[in-house]
Amino acid sequence: MMSSFWFDTAYFAGVLLFIIGLQRLGHPATARRGNLLAAGGMGLAILAAIFSPLQTDYGNFLWIILGLAIGAAVGFMAAKRVQMTSMPQLVSLFNGLGGACAVVISMVQLIGVEQTSPMSQPELGTILLTLVVGSVAFTGSLVAWAKLDGRLKDNALVPPFPTIFNMGLLLVSLGMVIYLAIIGEGSSLWLISLLAISLVYGITFVSPIGGADMPVVISLLNSFTGLTAALAGLIYGNQVMLMGGILVGSSGTILTVLMCKAMNRSLWNVIIGGFGSSGGGSSSAAAGEQVAKELSRPDAAILLAYSQSVIIVPGYGLAVAQAQRACRALDNELTARGVDVSYAIHPVAGRMPGHMNVLLAEVDVPYEKLLDLEQANEALPNTDVVIVVGANDVVNPSARTDTGSPIYGMPILDVDKAGKVLIMKRSMRPGYAGVQNPLFFLENSFMLFGDAKDTLQALLQETKVGV
Amino acid sequence: MMSSFWFDTAYFAGVLLFIIGLQRLGHPATARRGNLLAAGGMGLAILAAIFSPLQTDYGNFLWIILGLAIGAAVGFMAAKRVQMTSMPQLVSLFNGLGGACAVVISMVQLIGVEQTSPMSQPELGTILLTLVVGSVAFTGSLVAWAKLDGRLKDNALVPPFPTIFNMGLLLVSLGMVIYLAIIGEGSSLWLISLLAISLVYGITFVSPIGGADMPVVISLLNSFTGLTAALAGLIYGNQVMLMGGILVGSSGTILTVLMCKAMNRSLWNVIIGGFGSSGGGSSSAAAGEQVAKELSRPDAAILLAYSQSVIIVPGYGLAVAQAQRACRALDNELTARGVDVSYAIHPVAGRMPGHMNVLLAEVDVPYEKLLDLEQANEALPNTDVVIVVGANDVVNPSARTDTGSPIYGMPILDVDKAGKVLIMKRSMRPGYAGVQNPLFFLENSFMLFGDAKDTLQALLQETKVGV
Amino acid sequence: MIIAILKEPKDPRVAMVPKTVQRLTKAGHTVWVESGAGDTAYLSDAAFQEAGAETHARTDILKSAEVLFSIQAPSPEELQLCQTGATLIFAESAVDDPEIQRVAEEKGLTGFTLYNLPRTTRAQAMDILSSMASIAGYRSVLVAAAKLPRYFPLLMTAAGTIPPARVLVLGAGVAGLQAIATARRLGARVEAFDVRKATREEVESLGAKFVDVPGSDDDQTSGYAKEQSKAYLERQRETILTHISQADVVITTAQVRGRKAPILVDEEALNAMKPGSVIVDLAASTGGNCVRTKDQETVVYNGVQIIGDSSLAANMPMDASQLLSSNLNQFLSLLINKEGELHLNWEDEILEATCFTRKKITA
Amino acid sequence: MIIAILKEPKDPRVAMVPKTVQRLTKAGHTVWVESGAGDTAYLSDAAFQEAGAETHARTDILKSAEVLFSIQAPSPEELQLCQTGATLIFAESAVDDPEIQRVAEEKGLTGFTLYNLPRTTRAQAMDILSSMASIAGYRSVLVAAAKLPRYFPLLMTAAGTIPPARVLVLGAGVAGLQAIATARRLGARVEAFDVRKATREEVESLGAKFVDVPGSDDDQTSGYAKEQSKAYLERQRETILTHISQADVVITTAQVRGRKAPILVDEEALNAMKPGSVIVDLAASTGGNCVRTKDQETVVYNGVQIIGDSSLAANMPMDASQLLSSNLNQFLSLLINKEGELHLNWEDEILEATCFTRKKITA
Amino acid sequence: MEAFIAFVQDNLLMIYSVTFAVFLGFELISKVPTVIHTPLMSGANAISGVVIIGAILLIRQTPSDDYLVLSFGLLGVILGMINVVGGFAVTDRMLEMFKKKK
Amino acid sequence: MEAFIAFVQDNLLMIYSVTFAVFLGFELISKVPTVIHTPLMSGANAISGVVIIGAILLIRQTPSDDYLVLSFGLLGVILGMINVVGGFAVTDRMLEMFKKKK
């Protein structure tokens, strides 16, 4: 009685820590602490689960410890080893494992544990639902992982008429859950078929969706896993599972919606739009064989806000977009954040001598911030981020090396020597001299397509609000 | 059993509506709907309270109807009749009545209702706490109302050593609550003294706080009322009271903190800082006999965002503050919101001919937006809001009428003929000509003190984020 | 009432432009304009006639005018032609010729010159000095830029970086401020100096840098600066010297009312200047702020061009006349009552201050 | 190797400035400068000597130069003095005198003129035409503003509102664009027109308005515009006419390489213009875009001042020389190998295009 | 202590609900723009009038002849109702200004 | 229906808690900046690993000789733990980039 109180309290504290953790996770400044708090909550909950008094208690602590140790080791290593760029895949994989865990539990509940008393309809229904949702989260996450990791092509594993097919599977599985719950059936054959259908549904649900939309899908599947945890919590009458699961379920759902919004699409459009029409998000333009990487605006904003030195390289595109004001505004914001911002003016940038000077003078950029070619090329190798605003020929590295190029020999701004290069232009079209620019395909280059003014304003907004 | 289900559902729906209502209330665009939703929730809850099955039920519906009718009529009339400017007082008054209601209930519970079984310690404690908190909310709100309504001077009713005095009262009343709950005493004498102490505490708690801080205090007292409602909910075992009260209690608390933040002060500072040191918020500068009104930046932002036409009158202060860029940014934001923004350029604004033209050209204000004296004076009477940015002599109406004034006869911009005039300057000091400006004291004039650039930037921020 | 406008013999401007004439004729006045008065300001007689004026020969004008406008005072001989009791309004004449006073008294003329207008806020609408100083400040920069063998703005071109020109403005009155604004527009780095402390804020309000001279004996009471103490002048000289030596363009506008202009650029400063630099001296007519300035001449000393152009405003005759005209019209409206008749309110400090001769009431 | 720089007899500029000379001497070259070459550009012989050059008389220079720089080609007689095999580099000379060709061939000279530089991106660093056009564009606005009897910017003053001047730029090449930028800086309302469609975006990128002529037979292949069809010319004429009639300042820069400049402002347009307006014709040297333009003269027609100043760049000799010098140095670096010796790579299209005479290898 | 533990264990779910409600109240308001502070306060104040339900239940539970308590109850209902109706109505009026004119 | 009503009335407070939790989840996330989406998703994912508690309880409730179920339980614990530990660890790594350098 007394001890059960302490464990209740521990569970309660776990839930509180989850809430506070999630809250903190929502702000870049506190996110890390939030993550640790949530982890602390989880630790507390696990300890409570291990030591809390149970009615039937066989101990089996060695099994538990073994499982925890193996799981912790594997998870930790995977997380530490992974490349920054493949983290989303890994998250997806982890999520799939969480779903699999729920599947295992529910299967055991259904078959393994000898039924002392027959389960009530709601109980049975809950377990079956856990099984279904867990399965979908499991295989769905695996497919998402495989897509992101490039192991699965965008059009692989797609069933014929995917929308209808998936609707059908969904209806069948839900129908089975209801039917089985009502008749109280739990025979293996039924269960195996339900499991199989759910697993297949997980695959065919995700497979038609384009690779670029995977983050949204992962978030959605994550809220599924949350839901299964909550359902499992109902089975075990465990508050921390129930509440933690519900929290993840609802916050995951809203996060999914937000992610869709950030891409200017609806969730429905992502799920149904499916393969083929998903081009919008993944328009990594190809030129010849090579592919230029795109960077999302939020990521670009973060990159800028957390760098120490930024050099802006304006070109003719700045003039065309009349983006000088937006450029200055971003400069101001970054400077206010302690970033060291300057401008590298190439002698022939624009379409007349001093074109950039005129524009920047219009928005009163202090002369001290302007670097000429020599100064800039000295500073560039020590610069964290370069923003190329509608310049092209003047940052074309082929002028240094490609003797066949019409611009061979022209001194250029060596932006490729900087840490990262963000390139703002509307398309992959070449500039005045009409030559392709190999800069766009370099490891450290990222494209931000769109009108320079719009892009700059979006970055400003993101930096102001987001970071 | 069945019917009780429906009433439970109704209560539940009431709570849901409170939550959704509060959520909607948080955004200007949805606030009105949110208010209606919350009101709907309240209606539902009241209906449920009237018709729900009770164990001991004497009906007495006439009494209830009578009370509801009187209360509704009085409340409605008061709300409809009140002047826009006295609304905060009214809210405070209403809040006090809510507190009084809780006091009445708890008193009756303590004395009136014949005790069938002796109350448990927690129960008794809860009721006593309801009494105390309700009393404080009651008298505190009345004092706040009186202060805001100008019926009570800032230094009236202040006890000697207010901080110590109030601490003492607080300790005494809480001590009494605990003591009474433990000994299970409920004798009238004890209760009356507790009531008296609480009522006095409500008065002395609020009386030392400056009039300008009253909105914060009201918000705090409002969360007290929420707390009493929740406590009363515990007494009655009523979910909607409990949850609704808790929601108001917590959201009221955070709102109080936010309000303090918006004033750049801490809650503690507001409460303890008390009378005298509270000058910060209420620096309505007096010149001679007259008093110029200040307007808060959020209110100014709202005024601008929801007006149809705005004329900006730049003066020498714009130049001194180098606020042209900030001015243009605000113009852009307002224009984007569909507000019609133009600039009225007085011929001698600034310190050299064309001073304003030079500055506005620097930020590329289109020539079409500039009105000269004649055009401006034609447009001003039909203008909703004028923003005077560091101009003074050129908007001084005494030039029209005061034959003794050194600027008598100079044609001025008739900004006093516009709907509202916002005046940005740093102090009440006169301009170049050294004459006082009666404009500042007009009914429709509002001062926004501070450096013009800062003020404009703050307005921009408010308009962007807030409205 | 016949309002008459003289042609300026030595000035391309004209005291009234057709736009203003039209207002006067609309108000019921008769306006006579000397033939060819507006020619040099690109305002044809036809334009004046269209505005309702009659054009007449100079002597006719002088003989018939009841109110006579001109920028500079006509010769005493010409004034002899005027009808008794006529009112004269001069825009820029200092009226320091005692002969004019004598003739005016003799003929019972009432005379005003806006040269003596008080620099009050109310008088600004008729402040010709301000209007003209503003033009002079604007044009001083144009002239300097046209004469400077260098670019004003910073330019980063394929042929290297051209640093921005450095412009130093000495005296930040109306002309100085306008010069600062114009030079900034053209992209120069601008510094300015004035003895009046109040100008610091004004200079900075235009985005230029103010040059500090440690300590100043400032007098704020009148719009005009007074002469400075010896010690201050020495400190000032030294500070300015260093800034002059770095400047590509120096624009001087420092004047002290009624005295010779202070010397701000002396031989030493001139010698320190870079060859090719340009000085525009707006104080040339009162002796110049630079030792070598010659009024109405451009002197080259040691590779430095010293432009002593005191008629900068006159050389923009169209807008200059437009402004003059508007200022004079504002002044005229002070003299006229609702019925359109002359009615002089001698209580008014503006009339008081600008009047140089007044018809004796006993006469 | 002796690199020599001639003084320009009719031009205030000089082909090399001390800054560049210093680079050359540092690189081990011997630099000879004609005495007084930089005087008119405010660059003294002393400055050149400080930079490591020797100053010599003209004939000595001509006789000893291995590489000879000048802006305009010297006379054929002078070239006779040159040593055999010398390399000539002219900055702006069209070298259309067949006599020069003859002498050069005779003496085995190799000659380049940057007048024929291709307008490619790579050649921009030596593009003297661009550098000078840019100056001309900048100065055209200064000259126009100084001559215009009106303000450029909008001004709302106590004496009424002065509307901004309207500037129309015809031809939006390098000079035209610079003129647009400068006029905008000064606060004018700027419109521009060019036959090349690509310029619309360029004009708008400077914040000016582009004037539409319905339909155009455009040719984008070369940087230079070609002559236009009859029908188009008529439409163009009409459109421009209406815009000219509203303009206070018209700056014309339209040129067609190797031909007479097109007439954009004809008599009718001139008659429609407001008196007091100003035309600056940068195409004056090739006949002018205005019918009445006279090269190197200012003509007043019907109250309109037509400034045919084709030496605008030369009149800003300091920065002009600086840019020239930098351009020429860039070109020189094409001709010199790592060891600092002349080494002509005839594969290079720039050498190919700019060479007007080449030493016969057999000779 | 015993009593407290018993109370907690009896009311575990209520504690959860109350805690969640507290957090929810915080979260709902925490990012609200300044301009909305006053109407929000007013709206919350109206909601706090939910205490009226206590008064209603009080009346219903009071014997119909206990006029003293009934009068108190009546007073409670009146006070509460003023708070509720007046509160919502005044909030609505405050919010009128947010109606976009066009 | 009867069963449902009974369930509701038995679990009224749980329904309140769950509802509040849902709202709370929504509110917590609804105003989050875009840049934090991915780490937030990752953190939430780690929390969803709370399902591991089910697996732990499963093992504890299984007779020590029922190796089949125990193995399943073990699998569940391993999978869950990978999700939990890996999830928190990877989130932490993602969030490293938010550390201000200076």
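Order of writing sets the labels: A, B, C, D, E and F. Residues in every chain begin at 1.
Note that a contact is a pair of C-beta atoms (placed from the backbone, for glycine too) under 8 Å apart; a residue touches a chain by one contact, two chains touch by 3 or more.
These numbers come from a predicted model, not from an experiment.
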Query raised in the report: Which chains, if any, touch chain C and chain E both?
Result: A, B
Requested in this report: Could you compare the number of C-beta pairs in contact for B-D with that for A-E and name the larger?
Outcome: B-D
**Report entry** Separation of mean Cα positions, chain F and chain C [Å, integer]
**Finding:** 82
Query raised in the report: Measuring from the mean C-alpha position of chain A to the mean C-alpha position of chain B, what distance in angstrom results?
Result: 41
Query raised in the report: Just curious, how far off is chain D from chain A if you go by their C-alpha centres, in Å?
Result: 56
Report task. Can you check how far apart chain D and chain F are, centre to centre, with Cα atoms defining each centre and the answer in Å? Result -> 74
Report summary line: Multi-chain contacts in chain E, i.e. residues touching at least two other chains, fall at 14, 16-17, 20-21, 23-24, 27-28, 31
Report summary line: Going by residue number, chain D touches two or more other chains at 124-125, 130-131, 134, 153, 155, 157-160, 162, 185, 187, 207
Requested in this report: Provide the list of chain A residues touching at least two other chains, using ranges where the numbers run on.
Outcome: 19, 23, 243, 347-348, 353-354, 358, 361-362, 364
Query raised in the report: Okay, in this complex, where on chain B does chain D touch?
Result: 345-348, 353-354, 356-358, 361, 364, 367, 370, 372-373
Report summary line: Listed in rising order, the residues of chain B that touch chain F in the complex are 1-2, 4-5, 8-9, 12, 15-16, 19, 23, 239, 243
**Report entry** chain C residues touching chain D - in the complex, by the definition given at the top
**Finding:** 12, 41-42, 44, 124-125, 127, 130-131, 134-135, 138-139, 142-143, 145-146, 148-151, 153, 155, 157-160, 162, 182, 185-187, 274-276, 303, 315-320, 322-324, 326-327, 330
Query - Complex contacts: residues of chain C adjacent to chain A - result: 153-162, 164, 187, 189, 207
Query - chain E residues touching chain B - in the complex, by the definition given at the top - result: 3, 7, 14, 17-18, 21-26, 28-64, 66, 68-70, 72-102
